[in-house]
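The same subunit A turns up in both complexes below, where it pairs with subunit B and then with subunit C.
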Partner chain A sequence: MASFSYKVLLLILCTFTLAHSERLHEQIYSSIEGGAACFRRLNGTHQAGCSSADNGAVGVVHMIKEINDAQWLVQNGSAGPYMAVVSTVQFYDVIEIFMQQPENVAGILLYDNATDSPTAFSQESRCPNEYSSASGSTCSSTVAGGIVWNTKGTGLLRRDIPFPIFYLPQSKSDEIDKIQLCYEKFNLDKSNQKGNPLCSLQLNSFMFAAVNSEVCLRRSASSALLNPTKVCDPLGDNNVYYSLFPRTEETKSSKPVTLVTARIDTASLFDGVSPGAASSVVGMVTLLTAATTLSQLIPAKDAHLYEQNVLWTLFNGEAFDYIGSQRVAYDISKGMWPAAAPLSPADIRLHVEIGQIGGALSNTNNDSSWPFHAFVPYTNIIPEINEFLDMMTSNAKPYNTPVITPEFTMNLPPSSLHSFRRILKNVTESGELPEVLLADHSNTFTNLFYHSALDEYGKIYFSYKNLTISNTGVFISTDELLANGTLKQGDPQVKIARLATTLARTLYQTVTGSAYSGNISASAHLVDEMLYCFLQSQACRLIMAADYASGGGSSPPASAAPLYVGVAAWAGTAPVFAAHLLALLTGAQLPANRTVCDSLAEPGFSYYWLRGWNHSGVCIQTTMNMSAAVSPAFAITDYDLKSGVYSSWTESVWQAMSARVFVSAGGGGAGAAAAAGATVTVLAALLTYWLHRHADRIFAAPAASIVNDDAASGILRTVNC
Partner chain B sequence: MDLTRLPNDKKLQLCRWYFKVGCLLLPFVWAVNAVWFFKEAFMKPPYDEQKQIKKYVVMSATGAAVWVAALAVWVTVFQLQRVAWGPTGDSLSFIVPLGRA
Partner chain C sequence: MTLAEFFSCSLLAFGAPLVMFSLTVANDPVRIIIMIAAAFGWLLSFLLSSLVWYAVVPLRSYLAFGMVFAVIFQEGFRYGMYLLLRKTEEGLKEISENHNIGSNKLEMAYVSGLGFGTMSGAFALVNVLADSVGPGTLGLHNGTEYFFVTSAAMTLCMILLNTFWSVIFFSGFDDKNYLKVGWVILSHFFVSGLSLLNSRELYAATIIPSYIVLLITAYIAFRSAGGSTAKLVQSLTSRS
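Up next is the complex of A and B:
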């Protein structure tokens, strides 16, 4: 009998749990997963980016299919504020409408449509890093028209946006379908929205910092006893550098260097979505591949034979007023970089910057061409530069690519050369530090997705070939891959490999003094792997082999490493990957076990115990090192952040970012409840008043003795007191 | 405490004591004093100590009013000018607002 009642109880409990397993707020709200929010960054004078109110921004969903929808929203929408749901195709046309009249706009949900993709999409300024440019730059983002680098740039990355924006990538199209369904069910009757239940969106991306970097850093540092909230952090990460031959205090002055630079980082308006294929990855991969090839052309043990050296450097944080290169140029001017054997401007024979390349790959994906422009910021002839360009052209001959057109102009495209020209002004402008910039665009960018969430691998027509690497780390040669049909002449892997070969052979000629006659060239297979690592997945062969052997063997996530520079307090993974790849691909493998490897310390070298190609652990001797890519603005004490001399970008702290859709009540129910409440209150008051007046009809008169008793009234009075 | 049950000299003593405590930058004590002894000072039929009580009540009320006025002016000025004062405004704030100037 007892067990039977237990069973009944259990059954009742089960039914109860099943029926009410969903919480009330889960029945009301449906959260939008996988969105990336626009967040706030600050510089010395302004705040840029987005923030919602503390408890999120709420607005009625309005799907924007054409410009008229946006105009209706800002001018005629009666049930506002509205949450505009815009595709990347429409965004460029409607964003200015919302920015001009933001009163009726609660926020924007931006989505990327798989079937309809925009021809251009860039939230960067029309003149990127305009205010950190060297003299001679003619690009102006404030003047309408004119020739600007980034023609389709909206500049949102540098503007204060008065509402939150969330971005949903293609893979999250089901969330958009969900919103579309809800929209069609409730919001279609545009003339009759007010007072009816409406499909609404809530976007929450509240930012702690405000005003500018000076204010937010002051508030972060203030040691208020009860309020130790950090509101912003300086941007920054690490630069990576590697020299062909070791540089020590003793040998450094005898060997002038050719400085070859590129950048690691990229940017976008949205948190965690900055693929940067053509903005930075192609340049970085070219540099890494060329460095690998040159180390094969000239073995490090031949250092004593040559009078020149090559210093390869990858800058970080370049998207935000050239953080990394400003720091390096500043440190060079103070005689502090590289730390072990500081370089003086006189030691730099030539500075070659691999600028923004990759944009033109989309126009030339059917043939082997890849036109280049070499920007030379001098009016007089600089022999080192002419020599370099001649050597590049002659070394490129076997491939008919790249064709390099020299551009003698003071109007340099955005690149780290601007930092060197501003900070090391005396030596660069006189031509004593010859500089040349390689880019695959001339007056305007060929990359129409500069610094955007859509600057993905597809835009440079990259498709991963997934070829196996041998246990000894030998890559299949480009010629073999072309011969067996794995790759075509038009593939980015082949073009990058050829550019890297040309660059490596030119540097070989610079170092040795004679043209290269052998047949070593950069492998398109290596380029294929490297592009895959930086654009698609960190769980790739190269990064697995270049990881620390002590890493525990846990596999990195199958997504690309974030290439946004991030905050200085938090070391990013991308520069570490680049550094380890340089070490593994260019360093010397020593026959040492781990304990011996860790105890080695020859000056000019560092030693890394990496996993190696067969993951059994390998000791690498390398000249690779890292240096801080934190703006001098945060290194100089008492620096005036408003002065604009150095990059002063900081990133706001935030607590949570979330988006959810729900049906907001029409207001009828709430009105009825309020009216009913008021009526009941009035009735109750009237009833009480009536009862009070006619109490004698209901209650018998109280006994006189209680009222008149003196002792009792005394007690009552005491209690009252 | 019920004032009506207190002898007049004790009332004066109490009122004077409250006034003195209020002098220690405690305007709220003055305000309490003024309200509490208002009836004693102005409504009750005259008695010996009433004149003195009246004096303390008036002084307490005036003091409290001056305080209220001064605080109101300060709060208004602070709220309007905190942002313009910059670093001074921040260091005068106990809770610095997040996400705005």
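Up next is the complex of A and C:
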């Protein structure tokens, strides 16, 4: 029986007719799958983000439907602490209530509702990268009034949050239904919660690092006697650059370059959900497409004909105090970038940054317009910039877009220009190294989802057309797609293709000195594929074709590559994809087999053996290369992390992130067990004591009769007793 | 709340056996040896029944099947303990410093029964106790938070039943009174069968009849050990 009882207790609730049994643990807990946790990052002086206690944060579920629910939770909730379940729509309104009075808040489960989506959602500061801005910036997240870039920003990405936050995307709405069901079963009677079983949540996202980067790096370095533990890693990844013509030590000074930059990375509060469509992907895709188009306009073999060069650069880690651009500017100031043929500031004729340009796509999805603002941070007239803007306008004429409004202001929006204006201050502020920023906004961001989990492809009205690419890598032209109705004037693919065409033709004019008269233009088909690769699925045609042929043929996951910069010790996939796409789309295909390809080594070029359009392998000769996007703060020995000169962000290490829902006991069971246990134990003690003490009187006779073989000794001993 | 639940349930299930152990067994090394031997015997019986359960693949999901074999093996090992103790009784008496050992032949039965029951109780409850530390309790899908206290109460019942069953069982073989042996086996099957109802959350239907059986079994054991109600009442009334 005991064994049976054991099995019953262990495998409760399986009826005889059901052939499967469940463990008790599974009956008590139901894990919430697919959640993304907010984690901790540290800079030189502070810690930012969330952490739970070592064994997780436990709280009573409270569904927040309106602001009153949040106020009740922090002020009147008696069975606390509570776990607030908030939709993205309410989040902006209630988060400050929780941040001000966190005593009764165990954590927040944030979910995205399919039927009701917010109009704005950003966890970035109101002034992104405020403390790495160049002089002249007036945006202040602490002082009220003035121009604020990110008006709806909660700043959580830069604040220390005293409780864990988990995010559940739309696709996991069944998990919310599960919690809702449990909530309605136990927690609805708000006035009578204490002492009753209540639906509860446990969020576990314990972070190893604390205080600031200096402290956590010291803790990581000091190897404890037995377990050398690492508690944080510097943020960082790779920058990608590619020049139109090869640059070598011999030729570099003869050809000044136009530096065209954009950024790869984006950020969000939550681990693994940083889509960054409008924040960064549109800019990056524009740069890649324009570079592709320019390489078609000017064949690389004509390099000797021209006196100018174009250097396309993608910065990484820009979301966290401009890691990538700070490193590049720092290296330029030291004469170390690019490694093969270092640039001096004098070699840079003009620096054009493609900033945040995706936000306006959501406002203008019905027509072909796409308003731009060119930020020119100079009070005097810089001929190179005026010339560039004039050429852009004239090259945009055929499409009436983009219309570029110049903004002459020292107050630059967040962009890599800030790094150059701080680190190469002498040349940039005087106009020796002229800089211009293209953005789609003037005083405040048009992208209301800046650096958030909701900055998705839907927000820029992108819908993938899934058109086949020919075996030779020829893309269908924009005009053809417009003519056959596949795409409309208002589609982001068309707009980006036109912007890329304009930019490529402008640079053509810069390099050759004459306006472009041909009919080569950027393909909206290429843009379509590229947006799909970076926003929806890595298992896309372009990335498959641009992968290493020796990659083994395993197809990448059907989700977008994470665009968060990540830690420097771990190379991200996004810059690798961008680099390979540049190589494949702009490089020259050589008629070489793999062994020949691997042995080629002409200065100024590198050689890649990629899969190619028909996946049979191609040898690509390219000027593309990568450089470390790790902040100078971690490259300089004896750098004072508290000084705030360079980005000093590190990311905490964590072990596990998990969330589960269950019912917490009201105490009735424990009370009953304690009462019954005490009673039974005392009774048993009294009875045993009594029977033991009077055993000879109570049990005497039968015992003697049974022990008949040893009766004498038995009696003797009984007497002795 | 949950740590309180863990300690309360432990107290309910093991408080009474612990008190019995410390008052009657702990002061004598030989009794402790017998108790440990009996606990080991129960483990062996459990190992065998789990082997059978494991070997018969098609019936694995039927608790009733495993239960029948578990009961049979346990009673087999109880008989084994009986044989062992009767064979070694003289020897144990020689090495024991306490010459009271064996003053009542059923004393050994009681000690071995306690060992048998404690081990079975430990196995029955340990997994449940592990989950009672929380932070959750039953109720998300079905069940109530009273599951843990009922499990502890059932475990206590089983420990005490095993103790009394051993006393009745040994006395039945000593006296060649096979009616007593029959009662032990039948009531074992009955209580085990009742606990199958746990899976339907009929906790009251399991616990109340089980405790009634416990009371009857306790009385039979008391009588078998030579106790008489009259003398018990007499001992309570007279000052001693």
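By definition in this document, the second predicted complex is superposed on the first by the 653 of 721 C-alpha atoms of A that agree within 3 Å, B and C clash if a C-alpha of one lies under 4 Å from a C-alpha of the other, contacts with A are read in each partner's own complex, and residues count from 1 in each chain.
The working rule: contacts are C-beta pairs under 8 Å (C-beta built on N, C-alpha and C of every residue); 3 or more make two chains touch, one makes a residue touch a chain.
Note that this is a predicted model, so its numbers are computed, not measured.
Using the contact criterion defined above for the overlaid structures, shared-chain residue A:H418 touches neither subunit B nor subunit C, since it reaches no partner.
After overlaying the two complexes on the shared chain, residue contacts for A:R505 are found with neither subunit B nor subunit C. By the touch criterion defined above, A:I28 reaches subunit C but does not reach subunit B. In the superposition on chain A, contact of A:A210 is made with subunit B only, not with subunit C. By the touch criterion defined above, A:K172 lies against neither subunit B nor subunit C after alignment on the C-alpha atoms of chain A. When the shared chain is aligned, subunit B comes close enough to touch A:V231, but subunit C does not.
If you count the residues of subunit A touched by subunit B and by subunit C, you find the higher number for C. By the touch criterion defined above, A:K495 reaches neither subunit B nor subunit C. Once both structures are placed on chain A, subunit A residues 717, 721 are touched by subunit B and, in the other complex, by subunit C. Taken in their complex, subunit C has these residues touching subunit A: 1-2, 4-5, 7-13, 15-16, 18-20, 23-24, 42, 45-46, 49-50, 61-64, 66-67, 70-71, 74, 99-100, 102-106, 117, 120-121, 123-125, 127-128, 131, 134-149, 151-156, 158, 161-162, 171, 174-175, 188-189, 191-192, 195-196, 198-201, 224-228, 231-232, 234-236, 240. Subunit A meets subunit B in the complex at residues 51, 54, 206-211, 215, 218-219, 222, 224, 226-227, 229, 231, 717, 721.
Here subunit B touches subunit A in the complex through residues 1-2, 5, 86-87, 90-91, 93-96, 98-101, going by the rule given at the top.
If you check the complex, the residues on subunit A that touch subunit C are 1-16, 18-21, 24-25, 27-30, 58, 182, 186, 197, 199-200, 202, 660-674, 676-678, 680-681, 683-685, 688-692, 694-695, 697-703, 705-707, 710, 714, 717-718, 720-721.
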